[in-house]
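Below, subunit A partners subunit B and then partners subunit C, in two separate complexes.
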Partner chain A sequence: MIKKRLSAVVNVLDGLVVQSLGFNSYLPIGDPQYVLLNLDRWHVDEIILQSISRSRKALGPDFDLLNSISDLQLSTPLIYGGGIRSPIDADSVISLGADRIIVGNLLYSDPYQLSSIVKHVGKQAVIGSVPFSSIIPFIPINYVSKRSYPNFNFLSELLDLGLLSELLLIDYNAEGYSANWNDLFSPMFPSFSVPLILFGGLTSPPDISRLLSLDIVSAVAIGNMLSYKEHAYQNLKRSIESPSLRPSFYSSVL
Partner chain B sequence: MRFCRRCLYPESHPLGLTFNNDGICSGCLVHDEKYTLDWNERLDKLKKIVIPYKSATGNNYDCIIPVSGNVESFFVVHVVKNILKLNPLLVSYNRLYNTSIGIRNFSLLKTIFDCDSLSLNVNPQTVRKITRFTLEKFGNINWHILAGSSVFPVQTSVRLGIPLIIWGAHQGVEQVGMYSHLNEIEMTRRYRRNHDLFGYEADDLLSIFNNLTDSDIWQYRYPTDSQLHSIGVRGIYLSNYIPWDPKSQNEFVISTYGCKGATQKRTFDTYEHSDCFNYLNLHDQFKLFKHGYSRVTDHAVREIRHKRLSRHQAHSLVVHHELQSPENLSMFKSWLNLSDSGLRFILESMQNPLYFNTSDPLDDNFRTCRDIDKSTHNDISFDSTFLPFDSFHRKNYITIGKGWP
Partner chain C sequence: MRSPSVGIIDLGIGNHHSVKKACQSLGARVFVSHDQHILDRVDLLILPGVGSFPHALHALRERSLDTFILGAHNDSRHILGICLGMQLLAEYSEEETHTPGLSILSGGVHSFPHFSTHIGWNSVYLNDNLTRNSLALDDNSFFYFNHSFFLTPSSPDVSHFSSFGQSFPAIAQNGNTVGIQFHPEKSQSDGRKLLSFLIDRSIS
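Let's turn to the complex of A and B:
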């Protein structure tokens, strides 16, 4: 059985790792290399490195960031998202050490580029990111333009073409806070044809365990809380008590 | 350079600083929680947190408190013993730059609170070797103090099986609002490496370009994750549960327990760092050169946030103090066997061109918060006087001191 994943999200803003609160306000945490080395030592299942505001500022991927971490020799799978606009961007990001990439704004601004990107790097390497509002239930939001969409139908064609390996669903309002994802079970929530990674306000072990038991969910992602306490990741994993996850690990290396 | 519109911190603060749409920094925004949170409730929560750590048999310590000859240590021990009713083990790292005031305070602390204590004394030759490297590499003479004082409590926790470590304030929360008080941030190896040790843990000091060996640095090694996990080591911060106000707290313990501060030229705060000849002198000079601000700005920002100084008053104090010449340089040069020109060379090499447009480190043409937008100053008068103390009398490091008074 393929294990499910508890992913660690690292948000980087202008070269600094930050706590992100509702895509709107940010508190400083520290330098990316030390955060990533720490997560690597904790043997997290994978790292989702989000370079935020790149698309909003039309900056493209953060190659300075990727260069700075490429020498760290991380053994943890790394997923990068932020500013990817073209196959060349995708290629460059992967050559600098990312194992997979996330495309977000591109899904709205230029979905046809996605096909070119997938041809370059392969479908398995491409994850789509869709923030949605749970306040007005399940309305997808483009965080760059702040435009909301009436439903998820704009994704249908992309999903039907098999261009995405997974979909990262982000509860826009709960990001950085605490959320109730039980409404995932609601009949109003669309059914997707690709596995889901869920992110945004997921802090409760019973909720995470319940979500991981759904066939459609391949991973749950955790962000801010990973920096609050020592071994936050391992202790959360133990509390979840899900047989679908790899066991937690406490390194004996100095 | 962007500055907070309420305090004096620059966007280049080494711990990282973010701003909201009104130009107020994350440090000021998190500090405002001190006026809105229910602190009685938070203290009750702290009391519940420590209950499981109380020794059932009385045959072991309930917790570890990292202490020094600094006045702040008295407040932490006071809270742990008298409010939380715990039996702590005091642990300390010998900083070597010890003043007689610091030795006196430290002896008084152990005596008056009737606590057991352990100290780590790394031999001075090793410390000199390490300090030579850290001084040259990143312009810091305090690395050994930061490393030793942050690791010895954790090592002791693992060795003696005392899981709970109680610290005073979390610097990241207090200065730059790194976390909300409600996040109840705890001690982490990652924070220590990134922010306390400038990215250099003990093994990172070893290099083919210096003469440091394993025997010099093993004392500063952090325990492994599995060692920490086997004991359940946990480091909590009182500042998440008590509205942290160093000035008020220090004045309380000075009047209650008789500890002493010192008057030092580079700041108006007479309570902090009276135990060290160099912290508010040479170390502070390096901070100014590298980061464009020094400890007096930290003190001024703190007093602005506690509404005891206006921004205008704070700015004036910073301008007055930050370029005062550091004292006790001869003592340090003699201790490290460093020449005048050698120290001057290192100082100049550490000048950050963002702040300096002159080659003379003592030139007044220095850009710091003196360039802030003065239109945001207000003229409301506040009172932030500090108790007067003498400056340091004895002019030599006390490597090992004993007794009080």
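Let's turn to the complex of A and C:
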């Protein structure tokens, strides 16, 4: 039976891994290569590599970043998000080693491109990313323009077209902070017709375990808390004690 | 002993990078090519695949690689199809439109109900009709899947199944041709072990 996933988020800004706090401030962590090698060695379920501010700066995908990690021989599924605008961008990102891509700003700026992208790389390779306000639940926020929308009907329409394989649902206000997941999001879940990856403030093992028990949730993503301890990922997985996850893996090879 | 050689069939689409790196990390010399003269000389041919069946089949036919692969199979060369690559080995696929495949593996390719996608880590189990685990897979192995279509479960070539609402073929074999629905190159230790086994077997 398919397992749920505990995804490791790596945010990269200007070539450096950063700890993101509420989409607004960033603290440096280190070199992406070493962070990714550690996660690969820890056998995380998947890596979500987000090159942030690419869309805000109209820069397109971070090919320098992808080229810099392409020789690492990672054997862990890799999802890339940041600046993808077109089928050519999507193809290029995948040819550099990503298994799936995340589109965020594109859902607002040019949703018609989404259909072309899906045709090129396949629906299973495309994940939509939408931050939602937890101050006023059910309100999606475009993190580039900082604009909020009155409802998520536009998203429901895209999902009904069958263009996304999963949706990365982000708690915009809790992102980067600890044990702050807002349970007011849960009533929204039945509105979505694709599996959800939940991200933002999720650090509490009981919270994570409870969310993973929901049919609609395929994965929970965690970010900042992985950066400061050896085996942070494996220890968290063990604390969650969920049979829906793969067991923790401890490598004996440094 | 010489190191094994792997030829990754280049269709001009998708991600060869991860497969190439995985095979290199296992000590193989890797060539990514659509040149039959180069592919003719390798120990193991790998047909990877990302994207759609009709698109990939068209790319194979354009390069005359469909007849090349059939010839290689008939010559008992070692061939590995991964994900869409496995599906290309089937008789046909219903993805987008009915498209004939290479007919090396029996059965057709169909979508999961409601076009759902099977994404994530899953285990595989030996076909009940078989007594010997020819690929030496451990019972507790997990592999990474990412697909919306699968081979007919009743195909006589199926050696291992997985489960996603229903049983479906995870691995199918015909002679020295193996089709794997999951991505061994992205399946960490368990995937590396299987890839290593298949590479070593190609020169034994």
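Quick note on the criterion: the second predicted complex is superposed on the first by the 242 of 254 C-alpha atoms of A that agree within 3 Å, B and C clash if a C-alpha of one lies under 4 Å from a C-alpha of the other, contacts with A are read in each partner's own complex, and residues count from 1 in each chain.
As a convention for this text, a residue touches a chain if its C-beta (ideal position, glycine included) is under 8 Å from a C-beta of that chain, and two chains touch if they have at least 3 such contacts.
Keep in mind that this is a model prediction, so the values were computed, not measured.
After alignment on the shared subunit A, the placement of subunit B and subunit C results in a side-by-side fit free of clashes. Once the two complexes are laid over each other on the shared chain, residue contacts for A:1 go to subunit C alone; subunit B is not touched. Centred on subunit A, the angle reaching out to subunit B and subunit C in the chain A superposition, using CA centres, is 110 degrees in steps of 10. Touch criterion not met for A:238: it reaches neither subunit B nor subunit C.
Legend: residue contacts after superposition of the two complexes on their common chain; A:57 is shown touching neither subunit B nor subunit C.
Touch criterion not met for A:147: it reaches neither subunit B nor subunit C. Contacts of A:75 after superposition on the shared chain: subunit C is touched, whereas subunit B is not.
Annotation for subunit A, partner touching more residues between subunit B and subunit C: C.
When the two complexes are overlaid on their common chain A, residue A:38 makes contact with subunit B while staying clear of subunit C. Residue contacts after overlaying the shared chain place A:99 against subunit C, while subunit B stays out of touching range. Smallest inter-chain Cα distance, subunit B versus subunit C, after superposition on the shared chain: 15 Å.
The part of subunit B that touches subunit A in the complex is made up of residues 15-18, 20, 26, 30, 172, 176-180, 183-191, 193-195, 199, 203, 221-222, 224-229, 233-235. In the complex of the two chains, the subunit C residues touching subunit A come out as 13-18, 21-22, 24-25, 50-52, 115, 117-123, 142, 144-148, 163-164, 183, 185-189, 191-192. Subunit A contributes residues 13, 16, 18-19, 25-31, 33-35, 37-38, 41-42, 224-225, 227-231, 234, 250-254 to its touches with subunit B in the complex.
Residues 1-5, 40, 43, 45, 70-71, 73-78, 91, 94-100, 119-125, 162, 165-166, 195, 218-219, 246, 249 of subunit A are the ones touching subunit C in the complex.
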